[in-house]
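Note that the chains take the letters A, B and C in the order they are written out, and that residue 1 is the start of every chain.
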Amino acid sequence: MAVSSEIARLLEHPAIWRGTSVARTEVLSSGFAALDERLPGGGWPRSGLIEILTPRFGVGELTLFLPLLGALTSAPTARSAVWVAPPLEPFAPALAAHGVALERILVVRVPDALRSGALWAFEQSLTSGACDFVMAWAKGPRAKEIRRLQLAAEQGRALGVLFRPLQAARESSHALLRMAIEPSAFGVRVNLLKSKGGVRGTVELDLTAGGS
Amino acid sequence: MNYAELHCLSNFTFLRGASHPQELVERAHTLGYSAIAITDECSVAGVVRAHMAAKLLKIKLLIGSEFRLECGLKLVALAIDRRGYAQLCRLISRGRRAAEKGSYSLTRVDVTNAALDSCFVLWIPGNQPAKDEAKWLREQFGARAGCEARIRIAVELFRDGSDKQRLHTLQALGHELKIPLVAAGDVHMHTRDRRRLQDAVTAIRLNIPIAEAGWHLYPNGERYLRERERLARLYPPELLAESVAIAESCTFSLEELRYEYPRELVPDGYTPSTYLRKLVEEGIRWRWPEGAPAGTLATIEKELNLIADLRYEPYFLTVQDIVCYARSQNILCQGRGSAANSLVCYVLGVSSVGPEREAALLFERFQFAHQQLCRDCSVLERGGDPVHLLPIVSDTRPIDHWTAKECSEHALAVFPRQRV
Amino acid sequence: MASRPLRKSRQAQVLRLPTSLRSVDSRQAPADAPELWVGAHIQSLGSGASLEKLATRAQRFTPRVSLIPPDGLLLEVKGSLHLFNGIDGLLRSFHSDCRMLGIESTTALAPTPLAAQVAARVGEPFVVTNKAQLTGRLTAMPLVPLRWPEDVVQRLARMGVRTIGQALRLPRAGFARRFGPEHLAELDRMTGRNADLRHHFQPRERFRRRRELTYEMESNETILAALAPMLADLGRFLEARQVGITELECRLRHRHAPPSVCVLRLAAPQANVARLTELLGERLNALVLPEPVRSCELRSGLPVLRELSSNPLWQPGEYGGTAAGSESSQLVERLRARLGHEAVYSLQVLQAHRPERAWSMQEPMLANPRGLASPAVNGAARMRGTETPALRGAGTDLPWGSFRRPLWLLPTPQQLEELDGVPRRRGTLRFFGDVERIETGWWDGGEIGRDYYTVFDIYGVQLWIFRERADPHRWFLHGVFG
């Protein structure tokens, strides 16, 4: 589709979503070919909010993002990769062995007493422009807050991943992508609940081939 | 389940091994191993003590050495017979000569040139076994027409989380390249409790505090002489059996070594024995122009018989030769050492100790000191120039036969070199 | 014998310059170089004012400020006149500064410091720029402002000497003999016959201001408003010295409760008052006050020479400078201001076999190329570079284990329940893979002997557990593969 260069530049603004063609949004490969096929544009969006819903902690949801984390942090123009309120300690040797550049990692711990501190830190990180990738484990943000986070991510050109319990699938969400993750025999089963322009449904991913 | 440990370092591999050779041998014996090899790094320094302990306990000792080549390839060579031992020693000497004292340097070319056709070679694969290393080793030591394959892949498992996978990988490799596998232990200590010492010497070797040694330390203490039941749980039985088979094929023992002296010492028409007797008789006439006392002659005869029993004529001829030559060059010298207190040496002119000086007692000392091991003689010269002597000696006698060592500014100790 | 000289030289090396000599000295000023000194005589100090404050303030005119306690100040201003609209302008500015501080003073301008000082004490208008005219102008001045000892003044008076001019006319040798060479030297310095070297005022390095509040305050906004003038002071303080601070402490005192302290720590030296105010505001928001606040105090850390932040010479992206550098340091500061300094950290790997020692927190390395990595926050051992061991051999290959580690580690291992020696967690555990034995760490009291296993629970979650090698052989959960 031929457009004048000015309009083309205008259309590149992240706040503008073009209904039919999603090829224009920059995507990042997930590292799993089977998943890339199903994601709109063929990979994770460069900026925006992704919701990952899991029945419990540790089913493989972090391993799913390892290739992306490795690629983003090792790039020469890498910005920070932030972990907001992770439930346990990210284990540096394992991350390093999977190719993550640790100098780009920031861990943010939120004192329990601070109400909605995690969401605040998440939003700050997304909007700052200093981050490529922000992951957060936050209890039940409401739909309005999710919308704000989505906008913050676009504004700061960051990819935000919000890990939530599976029950949240019932709620509606303004996130760009929503996926439910379950463990499977050799890895995870990914169920794409919402994906603008992408294919919904499940795909099985083999996680064993990756790390070791 | 029988087992023989084929890869074992003693504390003669400085700052890596944590146990004495005799401790390793004793422990292997206690554990009921069928044999144990002492394979210090580019060295056979530990084998003497191991040999004595093994002889006492009647456990078979194998002699070998571990090498790490410049390209990173790690292997253990085990001497099958005396020829193999010679090849091993030559390789060790080559490696040591190519580097500063305390270290060694060997390349694949050195290994090829060393032939090592009378040695077993165990390949010690690294964390990621490199197929090209195995291939090269197979080319060098694999089966050839009329020649058994002497290459083995050493499988060493230490409960570091990779055991099953490593075994699987090496089995596949062995199957593909047709190289048999054998179980080995990469032993650094005789019991588990030496782990702390082994950590400490590692830190010393690297010249860093132990708290900073990080991954240079082993993660656990599994590199010790393990009980056979434990090994049976860890390794497949055929790998353990192979270790025993290899041990049985190796027949070399240190007992086989002895010195051989150069033949040129003895002129044509004489044997060492008859030539020595001739020189002694000349010497008697020189020392006692009016005739020697009967007691002295009897002592000399006794000594000559003893020398003949021990077959040590060449030794005396050697020493006499040097002294004679030195004197002809007006270099002051005097024999020392227990041998020099004999009357034979006195009449040969090696020493100046006459029969008045309780020579008999001292000669008996010489007899008991003899242990079928290395025997040397020092020739001291005062006022002479040691450096000057050495080239002269080497001119008249090939340098291979002597090893000269400067004991002090003015003295030179000369040892007949062991001919292997 | 040979050791003795060695000991001496070692002593010599330990010798340090006394601190007084370290202050900047105007030794480099040659005797005939033209200088102009403003002497200020403080007549009254308002409450809260002090000579140091004035001196600090005066440093904006010139770096060469000298204190003459208790009530004198000297400024060498020759090089500054053109910046402050000449003599009149400078004196006017100085007086307005004094007024602002609540200080009343009189000033005089002279080519030598002593003359300026003395003239200021006299109190009459005195502006002399030419050394030649100085002696003439000093002639009629009384001796009192020189503040010589009473008996010296009395003896001179008995000789009929009451003015400086008369003193100057006395024969030098006799004057020195009778009244001391030091007074003669003073006269010489005052007339400019000899150089007068002054030590420059070195302000106390840290900024500290305290303010008692007129009424007790409770809300954060009012407290911040009360802090505003002190923050403005801080700004001027930093501006005058061209320094920034990396640490700012705010102490709020209450009637009964112990003081509430909030500390702001910055990634890079900061001098921008607006930014400091914003960050301090965030910190205060996070603070829970037990009682109303009666007084507030600001203390700064040691100032640091700050780099010129607004550098128009190059744009972000050119020559390696990135805009992201400042953005990420701002993000870190903002997060820390609200959540606490220790709440934001980066990670590093430590070379250790014990899993809990194989990592540590690290100061975030921001994208600023000038940033320096600081040592690990918790005191775990750190591996030295990549040294090659003297002898080839043990353990230089990366341990196999690193590649099979879980992505998550529990802060402390959690004991598992057992049934007949078999560990359970939310049901049975299925073992997978190989055992990994780790026994090490005997040298620092943290010795472990553990056999690690990978297991799956009934929900398919992959866990990292271990069993103690020593009695009682307990099972623990240490990590989650995630």
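To be clear about the criterion, a contact is a pair of C-beta atoms (placed from the backbone, for glycine too) under 8 Å apart; a residue touches a chain by one contact, two chains touch by 3 or more.
Bear in mind that the values here come from a model prediction, so they are computed numbers and not experimental data.
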- What is the shape of the graph in which nodes denote protein chains and edges denote touching chain pairs (line, ring, star, complete, other)? line
- For which pair of chains is the number of C-beta contacts greatest? A-C
- Message: Suppose chain centres are the mean of their C-alpha atoms. Which chain sits farthest from chain A?
- Response: B
- In terms of Cα-based centroids, which chain occupies the most central position? C
- What is the distance, in whole Å, between the centres of chain A and chain C, each centre taken as the mean of its C-alpha atoms? 41
- Query: What is the distance, in whole Å, between the centres of chain B and chain C, each centre taken as the mean of its C-alpha atoms?
  - Reply: 67
- Message: Suppose each chain is reduced to the average of its Cα coordinates; what separation in Å results between chain A and chain B?
- Response: 65
- Shared interface positions of chain A, touching two or more other chains: none
- Indicate the residues of chain C shared as contacts by at least two other chains. 404
- Message: Which stretch or stretches of chain B touch chain C in the complex?
- Response: 13-16, 41, 68, 102-103, 126-127, 158-165, 188, 195-196, 199, 202, 205-208, 210-212, 214-222
- Item | Interface residues, chain C side, partner chain A - complex | 286, 322, 324, 327-328, 330-332, 334-335, 338-340, 342-349, 355, 358-362, 364-365, 367, 402-411, 459-463, 479-482
- Item | Complex interface listing, chain C residues touching chain B | 350-353, 381-384, 387, 389-401, 404, 433-440, 442-444, 451-452
- Message: Quick check on the complex: what are the chain A residues that touch chain C?
- Response: 55-63, 66, 77, 79-80, 86-97, 102-103, 105-111, 114, 117, 120-121, 124-125, 128-131, 182-184, 211-212
